[in-house]
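See structure below.
Residue numbering begins at 1 within each chain, and the chains themselves are lettered A, B, C and D in the order written.
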Amino acid sequence: MFDEIHEECGVFGAYRVDNAASITYYGLHSLQHRGQEASGIAVSDGENITLQKGKGLTVDVFQKEKLDSMVGRLAVGHVRYSTAGGQENENIQPIVSKGHNGSLAIVHNGQIVNEKELRIELENEGAIFQGTSDSEIILHLIQKQKGTLKERVMKTANRIEGAFSFLVMNEDTIYAVRDRHGLRPLSYAKSKDGYVISSETCAFEVMGIYESVDLKPGEIVEFHKGIVKHEFYSTNTDNHMCAMEYIYFARPDSVVEGINVHAFRKATGSILAREDKDLHADIVIGVPDSSLSAAIGYAEEAGIPFETGLIKNRYVGRTFIQPTQAMRDRSVRLKLSPVSSVVKGKSIVMIDDSIVRGTTSRRIVQLLKDAGATQVHVRIASPVITSPCFYGVDTSTKDQLIGAQMSVEEIRDYIHADTLRFMTEEEMKEATHGVGLCLACFNGEYCTKLFSYQEELDK
Amino acid sequence: MFDEIHEECGVFGAYRVDNAASITYYGLHSLQHRGQEASGIAVSDGENITLQKGKGLTVDVFQKEKLDSMVGRLAVGHVRYSTAGGQENENIQPIVSKGHNGSLAIVHNGQIVNEKELRIELENEGAIFQGTSDSEIILHLIQKQKGTLKERVMKTANRIEGAFSFLVMNEDTIYAVRDRHGLRPLSYAKSKDGYVISSETCAFEVMGIYESVDLKPGEIVEFHKGIVKHEFYSTNTDNHMCAMEYIYFARPDSVVEGINVHAFRKATGSILAREDKDLHADIVIGVPDSSLSAAIGYAEEAGIPFETGLIKNRYVGRTFIQPTQAMRDRSVRLKLSPVSSVVKGKSIVMIDDSIVRGTTSRRIVQLLKDAGATQVHVRIASPVITSPCFYGVDTSTKDQLIGAQMSVEEIRDYIHADTLRFMTEEEMKEATHGVGLCLACFNGEYCTKLFSYQEELDK
Amino acid sequence: MFDEIHEECGVFGAYRVDNAASITYYGLHSLQHRGQEASGIAVSDGENITLQKGKGLTVDVFQKEKLDSMVGRLAVGHVRYSTAGGQENENIQPIVSKGHNGSLAIVHNGQIVNEKELRIELENEGAIFQGTSDSEIILHLIQKQKGTLKERVMKTANRIEGAFSFLVMNEDTIYAVRDRHGLRPLSYAKSKDGYVISSETCAFEVMGIYESVDLKPGEIVEFHKGIVKHEFYSTNTDNHMCAMEYIYFARPDSVVEGINVHAFRKATGSILAREDKDLHADIVIGVPDSSLSAAIGYAEEAGIPFETGLIKNRYVGRTFIQPTQAMRDRSVRLKLSPVSSVVKGKSIVMIDDSIVRGTTSRRIVQLLKDAGATQVHVRIASPVITSPCFYGVDTSTKDQLIGAQMSVEEIRDYIHADTLRFMTEEEMKEATHGVGLCLACFNGEYCTKLFSYQEELDK
Amino acid sequence: MFDEIHEECGVFGAYRVDNAASITYYGLHSLQHRGQEASGIAVSDGENITLQKGKGLTVDVFQKEKLDSMVGRLAVGHVRYSTAGGQENENIQPIVSKGHNGSLAIVHNGQIVNEKELRIELENEGAIFQGTSDSEIILHLIQKQKGTLKERVMKTANRIEGAFSFLVMNEDTIYAVRDRHGLRPLSYAKSKDGYVISSETCAFEVMGIYESVDLKPGEIVEFHKGIVKHEFYSTNTDNHMCAMEYIYFARPDSVVEGINVHAFRKATGSILAREDKDLHADIVIGVPDSSLSAAIGYAEEAGIPFETGLIKNRYVGRTFIQPTQAMRDRSVRLKLSPVSSVVKGKSIVMIDDSIVRGTTSRRIVQLLKDAGATQVHVRIASPVITSPCFYGVDTSTKDQLIGAQMSVEEIRDYIHADTLRFMTEEEMKEATHGVGLCLACFNGEYCTKLFSYQEELDK
């Protein structure tokens, strides 16, 4: 799935923490894998909210001078992957509203499925939108409601449907909110002097914090006057953590719903191997980086040596690809190199975490065979992707999903694998030890109404 | 050794290849691990040599427009790690001289030990130096000699002593030269339309080339009129490939003197395990990225599970570190995270490739123990570093080398490891199957006179 | 007044013109003197509106690639001078709203005096503001109204009070609107293939257009389906063109309300000289650039040679000024140099267009005396500034205006002039041949209610 | 001549001055009109020389941080206009050589005519050149000579022929050298704490210094141990100050060989008017900026009003010009606007300082006629340019000089002027009160041998 799938965000917050902007900067660093195209931080010094944001990695957007100028003990930050149509600066988060009664800053991870309906409703009532991000809708809804800020945030959370984990900050308070299906992760932890909030727990360890609390589906957590209060804005909740968080997005050192991501991945490899009793391969390799854990698990269970058969080029980032066919064909080589002395003359089990369009898998198999592999047995550490995601993952439309267009045998033939096998949904569940999962991209069972997206799906 | 040791360069050349500058750009990409601070390419269209260079990664220095403007079928390129004293633009390579009879471009990997003596001699004869790089000395020497360009290059190679692999290009010819001790690697390969030359073979595979030829110690290879000619400029040769190329620098998919680097590293892990029959640990982990191969080898031999106990943050690059003690202490955390659910309650064998100053090893052991490891047994896949390198590796001076100051037991105590073991020189040789190695940093046996550096060493 | 006073904007529009973004780029160029801190262009291709904006001069914000990517035949653009508190990116214009029924782009020159009241009203009705610019208020008001876009724009123009010349563009139409007092200029002209709209006529001549139409106070002009329609949104109009447009802001080649700016300035010099029958000076000099025309007029009328006694450094732009007192004292020298061979031993009439705080005038007089001038008679080509401006000119607050704090004689003494004279209001009117002027900064007679600014004024 | 002619440099030095790099930065500012494409400063703290340089205006190359890092009390700096073939970074000055006995920094204004011969000679003796600048040759020659640094500099000055004003700095001494024909200006002045050296005196006034000393032709001035020593390296001297320094390059506030540049220009206008007794025009205008002084002089003598008929756009700098014929035709409009209300219906005398290719003059005349001028009488404040310059002015080759190809009447016809007159050489000399001038571009009488350039000239 190398390079073919993207999540859209990570959020981080710091409450009553010295140098909150710097702490948020380090936090965003640890979440950078969730979004590399834009980054922003809003900081409050108790009276004013200052905003800085821009395109690029967090290190590129924030230099020392900029961080030093952001004084305050509350902050919220965001890293973003932007889909093709939304790279405008207007959509970079945090989004801040400046009113005569104060300011609000919001950062958001996820996707609101009734976004279109809400947008039309709000516009008909006189709202204007400068960008196309969900966050602007959330801000508008909060502004429209009556009551205290907490009441307005809770009413807003009840108006929006879909996947969301968002933070709202005013001059002296932060609210953390998670959708009632628990589609996206959100946790917080006690730091030495205050609290830190993060999409993933890996960001806490940078600060030397090893214990954290997950928000529950439908929960809002208030950080106010030094006190943390939990409350549910909805009792109509269920448990549907996005399976892709385990399979691909989250960092291996993160713990999602109590399950360590590396451990999960290793377990999937182990389960895959269990069914391959009769496969006699020479070595097991994984597609770096996300499939290495599964490959290790497979190798251990199967008793076949785990090898480094593919090397990922760490510096390939924004490499310009020469617009010739020959070079495009080589583009996968710029990112991945086969270790020919490892794979030459070998029968290989190659573990990948998923197949989206199939083109990359096809190129990798070809790479291995060009380098001398005699057989390539592809094992995918997740079920077949058959449906698009409307909860914040950019997996293309149905007609681009190879799993929606071909049978497993046809896919095997297309990618030139000798054999190909995917995990089953049951095996996935086994690996998560019963954590409630959203498997919509595998089985088309969406846990919410899809509103305007239903049409798109029906096409 | 994570982040504590640096080589100073990688070179790449393209002879009679379409879009030679683009090909060199891709080549430098694959060599980027050998130098990230500056990058440059000189291209010849047969009549003129055009030069572009700058600070930063190859992708940052060369954008599409710049590459498009570099027309020609011959090119030489360079990636550079610059030591503290030499970050000036004057030292970024290629260095080009423009004369009334034509131009010369040079790129160089290595370190010339009689550099100071040559510099004084040349200055006394009227030469001026604009920078402090060895390459400028080589250019001056070539200019001083009499005869054809090839003769002048050969005489120059005989005047300089030390570690060097360099390329010299004029409008229509490239010469590739390797020092007579074979201290630095240099190889070339046939491409579809011409030839490519590289410090490491990994750069060839990007172009779909799986076969290459290593230059021998003391050899000069001429690429002229479409013909490749091998010749020896010296018969006084020996075989002293830098052991660190295998241990740390080279990419795992490179083949150095016929030995694949990943295979070598795996073998070192295996050898380490062989001596640990009585050690009963729960898991084996490696310090990413360079020690993973050795850890895999150790785990396989020992029959202990290989685990991903440490995660490297891929985006940490130029992260600004807050100048407070607390933050400096955290800086290793920004780069490496322990996977606490993996290491918690475990007795661990941690494989690292080397120990330079000991401070990083100490921090990593601490990180693992903080995350709950019960025991950390450190195994180093190379001997104790006791001497500085004068052949192009930046390993600090003797007084900063922990191995020159402490016994193994003292080091173990300093880094808080439960047990610590290094490889022996004999084991190193076993892993390279008899390839002649320079082990000077381990045993102080330098294969050349050290000239002015002898003094530095004697202090 | 050199460097002490700033207007806040210039607007440009292009309707049904090939390469509308490029034409707007050239137009903004000619308006760059009205704002150098930020620049932006929105272009419509008939279906979508694309926005690009950023900090800096138009040439810095827009390079060839960016302009080439902005396809369409309708465009609006803006150059901006931003006051201290509002340099955020959120305030850079155009501001674009994106709705389900289409997008709107707005650019605005001027200042709305009931801005605070409207902002509170809109927020109470649920609006959120991301920035502090008036343009966002105008967009919100348009969104709130009912009816066709033209009706909504007209209703909006009736809701806002103050100085404004704004353009509103949707996918296929542009509306140009001027406030009912005519405080800020706005004109349009027929180009070869369509229409161009500009704050100043100087922008038309770049395109070879020598004839243009001024919008009248209270007028809205619709550019739709290739047709230009004039209409009045209000009949309650009067004529109060900002006198500072003539005195300082506008380019000498612009024609404002039928009067050429250079001709106006020359006339003021002439009038000043008329009253100086008994002053026998050696030479007349002007403070560059804005006071040269007046100096020429004075010299001609007085029969005293016009000389270049002060040179302006064209490259001083963003020069970093060393933070020492000595250097700050020198800062005016970096920008202006006396021509000592011209001024030495001379009795000088120095024409300046206005005095704001007096510090710069004081430094310039000192400069001339240091360079050897025997006498410096300062003549100001406008009346004494005694009141702040609330219509878009950044003249500081009342307590910083030297004319509000001191008598003319006290000012003369403060700036070390030998004699000092200002123009009278009657003389100003004479120079404009009866064009209705806003002279509020000279006489405190504001042509609108001041709303919340009244308070500020009363302090 | 607007935009068609370029000089190649300005030099500045500071000796025993606090913050020498900052002072040099301000000095280069005042010399920026002599070169806008690159800028550099080398500073010595008594032990080491630090170099910073780059493309662009001085303000763009040097920010606060960079200046702050350049500690020392000696400095030399350079601004550069680079001809088409030499924009490489290698040619940006200062050029610094780093030797085992110390470093030398050099900055140079002018052009060496025996450059090619010296380059070949030096290369044959083993020198290598990294760039194509004359400064590198000077450095090589200094290195080659025997004796003290002063002796070596003096010998070098005797080896090179042509136009040169250069500064050489080592760790504790600066030498200033001017060619024996006095082709380029060079002056120094006492500052509060030391000495400053500059191509033009205008740079001194920024520092509040109104007295300075010109170097004489063939002179070398040594700044050493706090003492200033004058000496002649050659007695074979003559006086040939470049006439173009007065006509076009120097800033009006500079004093060159005792003559103020503005006064010179005004005198040329006056002389031109003297011969126009029978011409009855309505107004006199000058082409900004360099021809305004002459226009003022003409108007005064002729008793015809001086008017601002053309406005120069101050922000046009790096404006991207759309590559269509229509836009190229407009490009002069982007830079110059006619004030139509001034020129309409008028018979105009238009003063320009020179005509190079004629294309710009032709466009300006057209601009004025398009704007309604009834007659345009062009008067050029210098003789006809008929020969190329080899002393540092970029006036194109002979076949591009309209004055070398056409008679005055043919030029008049080509540029569509009603009448056209140039000054005579005698009139030029009158305006300079007997200062010895190089008039080679007007009369082909070069004051030196031309060496390899003779060939170019003979073609």
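Just so it is clear, contacts are C-beta pairs under 8 Å (C-beta built on N, C-alpha and C of every residue); 3 or more make two chains touch, one makes a residue touch a chain.
Here the structure is a predicted model, which means the values were calculated and not measured.
Hopping across touching chains, the smallest step count from chain B to chain C is 2.
In terms of C-beta pairs in contact, C-D outnumbers the other of A-C and C-D. Taking the mean of the C-alpha atoms as each chain's centre, chain A and chain D sit 60 Å apart.
Each chain gets a centre from the mean of its Cα atoms; for chain C and chain D, those two points are 36 Å apart.
In terms of their C-alpha centroids, the spacing between chain A and chain C amounts to 49 Å. Counting partner chains per residue, chain A shows two or more touched chains at no residue at all.
The list of touching chain pairs reads A-B, A-C, B-D, C-D. Chain C contributes residues 51, 88-90, 95-101, 104, 116, 119-120, 123, 125-132, 139-140, 143-144 to its touches with chain A in the complex.
Residues 19, 22, 25-26, 29-30, 32-33, 36, 57-59, 62-64, 67, 202, 205-208, 210, 251-253, 255, 260, 262-263, 266, 289, 292-293, 296, 300, 305-308, 311, 313-320, 322, 327, 330, 333-334, 337-342, 370-372 of chain A are the ones touching chain B in the complex.
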